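Provided herewith is a single structure, encoded as structure tokens, for subsequent inquiry.
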Amino acid sequence: MKNNNTEWIDCNNTEWIDYKEIFSEIAIELQSLPSAGKVASYIPELDHIDGEKLGIHLITTNNIHYSIGDSKERFSIQSISKVFSLAMAIDLEGTDLWDRVGIEPSGTAFNSLVQLEHEKGVPRNPFINAGAIVVCDVLASHFQNPRKEIIEFIRKLTGKKNINYSSEVAESERRTGYRNRAVTCLMKEFGNIKNKVSDVLDLYFDLCSIEMSCEELAQAFAFLSNSGANPLTGEVIVSMSHSKRINAIMQLCGFYDEAGEFAFKVGLPGKSGVGGGIVAVHPGKYSIAVWSPKLNKKGNSYIGMKILESLTTKTNLSIF
Amino acid sequence: MKNNNTEWIDCNNTEWIDYKEIFSEIAIELQSLPSAGKVASYIPELDHIDGEKLGIHLITTNNIHYSIGDSKERFSIQSISKVFSLAMAIDLEGTDLWDRVGIEPSGTAFNSLVQLEHEKGVPRNPFINAGAIVVCDVLASHFQNPRKEIIEFIRKLTGKKNINYSSEVAESERRTGYRNRAVTCLMKEFGNIKNKVSDVLDLYFDLCSIEMSCEELAQAFAFLSNSGANPLTGEVIVSMSHSKRINAIMQLCGFYDEAGEFAFKVGLPGKSGVGGGIVAVHPGKYSIAVWSPKLNKKGNSYIGMKILESLTTKTNLSIF
Amino acid sequence: MKNNNTEWIDCNNTEWIDYKEIFSEIAIELQSLPSAGKVASYIPELDHIDGEKLGIHLITTNNIHYSIGDSKERFSIQSISKVFSLAMAIDLEGTDLWDRVGIEPSGTAFNSLVQLEHEKGVPRNPFINAGAIVVCDVLASHFQNPRKEIIEFIRKLTGKKNINYSSEVAESERRTGYRNRAVTCLMKEFGNIKNKVSDVLDLYFDLCSIEMSCEELAQAFAFLSNSGANPLTGEVIVSMSHSKRINAIMQLCGFYDEAGEFAFKVGLPGKSGVGGGIVAVHPGKYSIAVWSPKLNKKGNSYIGMKILESLTTKTNLSIF
Amino acid sequence: MKNNNTEWIDCNNTEWIDYKEIFSEIAIELQSLPSAGKVASYIPELDHIDGEKLGIHLITTNNIHYSIGDSKERFSIQSISKVFSLAMAIDLEGTDLWDRVGIEPSGTAFNSLVQLEHEKGVPRNPFINAGAIVVCDVLASHFQNPRKEIIEFIRKLTGKKNINYSSEVAESERRTGYRNRAVTCLMKEFGNIKNKVSDVLDLYFDLCSIEMSCEELAQAFAFLSNSGANPLTGEVIVSMSHSKRINAIMQLCGFYDEAGEFAFKVGLPGKSGVGGGIVAVHPGKYSIAVWSPKLNKKGNSYIGMKILESLTTKTNLSIF
């Protein structure tokens, strides 16, 4: 009966799209794709990663899973974790948060100090480093032990108790992160950092060191594909309104200065990390995580972008 | 059978949302909204407009129309027409277009020369003035009479033969538009303007002078809510892929440096003009045009933004 | 009596320095200097110049002349003429001039629009293009025929009736000078250009096309080495106060973004042009013009800078 | 005899200028000057200073002293001490120093990060904060105890053994100097700080905390009015070439973004500090220090600037 109703297939019932078939096609395409991009090398812990790793994991809002390759192997999710800290901070601060961090695209490279100085220490959005550091400052003001609260939040989203920070990665960032230190001092000068600079940076470096697999990431982002509620348990993680707004921010700011490119070619809200991971969400349909460590010149996973572009092209489904 | 299937209601069949009821509620809300914002005053033709004008027109992909107030009165659509010229240029140039104009948010005020100089005469996106001027240059290269082609394109979209340029508005812009002249000369210096500066500017000033009503705008944008095809006639205006990409660009760049704010609060692709018009599109559901001449500090219609925010809040429907 | 007074020799009597000997040494040094730099090529009229041309002419305040090489051959003085137009404008406007053009170094490349936009159409100083264009606008407001007044002023300074504009050079600049057009339109937008853009630019392009020899330039600048008065005739060209101030502006702004380098190595107020000319002034001692068409990366004469550095090193005399 | 030899008075023999008379006139003028400007308030130690303090001390190269008011009272010399550290670093590093710090005017406010980022961590000149911090880094690399070496250098210049750092001022800067910390971290990121950030900043904050009187400052700068040699003892402090170059840098960069204004109105190389002190040098004639704590909007002593302008106007002597 379902099969007779072609209009049905255009609807939100994602099971009718044959993701398995689509992923098979993508897997074949990937073989003919020239190897390109470079593994992030600014800290040794990232540089050591095998550039040929590849994982994909998609979870529909009906909880059907599709995966390819190294989808269960954990990697450094880096900036992707900024979505988790943002979700926590929105819940705690509500609209007050937007006095301290903007929601506009940055328009320049992800670590520029120019805009920050021009705009009096208020970062453009919560996904550039400066913005994520302000979000860490918010969490540091609200929680006795923000480090523990963040990881517990992610463990709850995924049901995996052993997700954790990498102390090696965090330590390495701590040793070399002079630009982040400069950014934080500048915001402190403007009064937009309330806690001690070193405490906030410690939390930030920890945040970026979290290690998760594609499967875990897709699971952790499922609430953003389901209006803020865990699709499996129905538990409300954030309100529908906050869920929509986090997605809007991901759409406009999730890919440094390649946000337009991603919206243009993929057409989904998402967030990338220099570890080579990308998470994207189709509201009402699915969440997906891909991992391929080699980055393009803008710092986003070269193959990850290709996979997601191919996925939305083949399904004829983007939010636009 | 359809009626028994409650999931169906979540689907693309927009008739199940009671837009009439929602617009009644919005109309009541508007009465308690404090009057705010200022009518654009940089040319006399805009300054003369009655600031209390208000029009709304929504057309679903099923071709059901809803309207309020001055929805049939024409006004200066200004930058909204940049979507029409972009649609024409994408069709003519394909991906070559993106060598001459970017698709990233501008991150700064809509008429800044800084970024343009830094990025060697390639405008950030086709909706900032510089980008729209490059698009005019493209049309000037392709057509013997680009001015006629543009207006014919819009007449075809709307079925209204008497939509036209306002020579008074165009002339006024021509007399005062020194910044646009500066921008065009700078791009000419960088080799990104192929035709005579004065010819391209004449076309651009004409483009911004077009006058349409909310009803006509909603009709003209209907193809972007319907994967590129006129929902009434089925005629393909642009390919599905181009339709998605125009929507993506509107989402990221349609509101000057308030794009994030609009995505955050409204959550739809759209485009505004300093005449007080805003058009938005919910792919698969509807296109809508609102008009209220008083602008907020960012140059977007103050009440227009409020109406669209209220609409997507009440319908619980945004693309996110 | 003078000759008996050895302290006198430290004073303004420049004849005691053996410039002839010094220039012989410099001439020898020049032979071992590697050929470097490039002749300006942005317009054909400059590109055709023989890069090996070399002229030097020095005139002491006692009216003793020293010269080397092609010192009597005329060349395109380009930006050097901005000192003449400034001297005229200071005389006409007095301190009001400084409301429309600053006296601070530009800090960025000589044709940047960024600073101009940031500072609301007020150029940093009268020697960047934008500032010289404002000075032309001032002259255009004061004189019926500013073009004639400027050339008469220079003819008076030099006593040479046949110094003139090059219509070929001016025409070439006019055809290609889109950046200057952009700059002027931007200032017009900010209200800092009172006359028609095209009239002001025509005057500016003429100003930059003037052709003079080293001998004529050294003569024309002699008043700035002599507190504002022609050392030969005693005629006051500008007041002592204005003379000092023009020298101060040359010191700080005369060499685009190489002003510090010139102050550091040469230590004299001066002005360069992309035709390869440099004029410098030692107040109370001499004026000097050098010409060598090949430019360094900053747009100043490569060998001209070397000669002046050598001169002040050998004489142990700079203003510092 | 004086009266008979008018030309003599224009020469380098500074004793013939009646500074005593000139200072009497200036003292009278000061009484009619409206009180303006504000004492620096960003640290309590500066805010506590009596804004009505006024000191002047001039020393000719013949070692004749003239003084007015609080010329023997010590105050926080702040940025003036950057000249001492520069003189030491030039001596140690020679021209290598200029690979790490520029000699061009900054063109923007004295603490801007924009230019520093754009120019890859190489500060524009040694007198903006970033540049002075690099100079401190150079001293920290050369000396076991740079803090001791700096103060000994100043004690030697003045012959005053009890000149010292103010630990209160240094501590206060240390607590609040987040922008300087940001600047230093950014340069560390670019590899232009070799020592530990906190060590370099400690030295920098100490450097700015030195307290001296006008008399001591005029004495300490006397070598720069005398081609690098102490005029009293003949001891060579820096070479003649280095002396000229330090003066050139002071001329172009000594007054933040008011360097042009100072060159224009005063016409002498000099250096100011936010403590309200200004030191200026007329090469071959005199060194002078003035102190008046109230600052103009650019951060330079309001009355100090007036005094020096009046001095060079009345003596008809500037370097231009």
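First chain written, first letter: the chains are A, B, C and D, and each begins at residue 1.
Just so it is clear, contacts are C-beta pairs under 8 Å (C-beta built on N, C-alpha and C of every residue); 3 or more make two chains touch, one makes a residue touch a chain.
Being a predicted model, the structure only gives us computed values, none of them experimental.
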By label, the chains that touch chain B as well as chain C are none
At the largest C-alpha centroid distance from chain D we find chain B
Homomeric contact chain A-chain B: same or different residue positions, threshold half: same
Let me have the rounded angstrom distance from the C-alpha centre of chain A over to the C-alpha centre of chain D, please. 51
Report the inter-centroid distance (CA atoms only) between chain A and chain C in whole Å. 57
Taking each chain's centre as the mean position of its Cα atoms, how many Å separate chain A from chain B? 30
Indicate the residues of chain B shared as contacts by at least two other chains. none
Every chain pair meeting the contact rule: A-B, A-D, B-C, C-D
What residues on chain C touch chain B, complex-wise? 112-114, 117-118, 178-179, 181-186, 188-189, 197
Which bits of chain A are touching chain B when the two form their complex? 7-8, 10-13, 102-108, 115, 124-125, 240-241, 243-245, 247-249, 251-253, 257-261, 263-264, 267, 269, 283-284, 313, 316, 318-320
